[in-house]
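A, B, C and D label the chains in the order they appear, each numbered from 1.
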């Protein structure tokens, strides 16, 4: 099983911000966590609002927490709100069940980390996640 | 009143994982708590996602917290969400009101602990709880 | 880089408890964490006191937190108490700077987890850590 | 008063890591906070231990918290430990009073952020802070 390196994480952050600028999205925050949920690389663009760190890391942590994208987690939260409420409480608020957090997988399909992005619509945030992971030569899910 | 021993708890964990492997369920996490809510034995299978400890222990703690299975707790939460929200807050997020946590009882019907499992559907998680407790020669509820 | 498996962790726990029984040590608690600091396997012997979970996991988490054994961390804490106090606060009390927590390394020398033990003297706790890791065919540090 | 930009922060992080590699220091973690104490840019090198995020941000946050470098904060903590203990508690553990956190100032002498570094000796961590801030054309204190 491989490990997410700082090189991977830096590439993901910079590629995600590059596509965000090309698409003229709002000021973006990008967080990349390793498989253990620990921050590896992070950038917050100028004029970002204050809770972007918590949202971006929370999307990524939620994905790692349940082994699914934060978009799928969001859908489950709509279906079973008591379960998502419990996850948020059990994780001391580290789970943000909103699209824009995706798992990072190696070529064997093993999860090696997650990226979370916040700053524009959830759909646009997620699109930047995919672009970032692809730029690093890794798979997203 | 009897007490849950480490022998009991280890048997419950290993029997639950054995049935999970036979049924080819997802990677499972099993937590056994004593009557005081303290962890006695725990195993997390390879490739489990990050919040499985919190979920498995939270199901068991919720069962002990109200003296009912976490399945019944889930039903109550759907009927009275404000009550479950209060329990989650009051316990600092230690209650996860989702099926898959059952009380462990001795032959006199006294609660001596609880087991919580997370990794597959809630129904399958709960079935593994029952199998584990039965293997230890104890009663579940 | 390899990963700590549940098989490794279970072997460490059981081997540590076996040597503790042979040496007639006090009731022991053994916790094995993966490289991300997440619990993989855990056992607490009968008649253990209430905080053994926190102490055993805290020794292991402290070792992972600084990349040194909790014995070395203890020595640093004696030399620079303000630094250890800060680590305890910064980790929300997850660091216990006392001997009895050792890093688990693979054959390449990379850290893949940590084991923490509490129940007897710190020296005896640590000796059981070494015995457990050796039984799993891994290196300790 | 000027503001710390992401460009500044990225330059500080990359310049600090560049000098750390030239000096063959241990695996480094670099955190840059803005004047409000919020993370702007962050990198954690491969093989870093788990609490480096907390330590690096805690050094920077402590500097911002009292308006002095974390080296000066450390000295004050040795002289008046009760005061530093109170700061750590009051900030929920966000203050790490150890050298390696410096204020970032603009040309008018106003504080616009702080950088915190952890991974080698406190003296080396601090030297990398100074090198990073200088590379961004800003002042440190």
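We adopt the following convention: contacts are C-beta pairs under 8 Å (C-beta built on N, C-alpha and C of every residue); 3 or more make two chains touch, one makes a residue touch a chain.
All values reported here derive from a predicted model rather than from experimental measurement.
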Chain pair with the higher count of C-beta pairs in contact (A-D, A-C): A-D
Chain centres from averaged Cα atoms put chain A and chain D apart, in whole Å, by 25
Could you give the separation in Å between the centres of chain C and chain D, each centre being the mean of its C-alpha atoms? 30
Provide the C-alpha centroid distance between chain A and chain C, rounded to the nearest whole angstrom. 31
Residues of chain A that contact two or more other chains, please. 3, 36-38
Listing every touching pair of chains gives A-B, A-C, A-D, B-C, C-D
For the complex, give me every residue of chain D touching chain C. 47-51, 54-55, 58, 74, 77-78, 81, 84-85, 88-89, 92-98
Which residues, counting only chain C, touch chain A once they are in their complex? 1-3, 34-38
Would you mind writing out the residues of chain C in touch with chain D in their complex? 36-37, 61, 64-68, 80-83, 85-92, 95, 110-111
Enumerate the contact residues on chain B facing chain C in the complex. 3, 5-6, 9-10, 36, 38-46, 50, 53
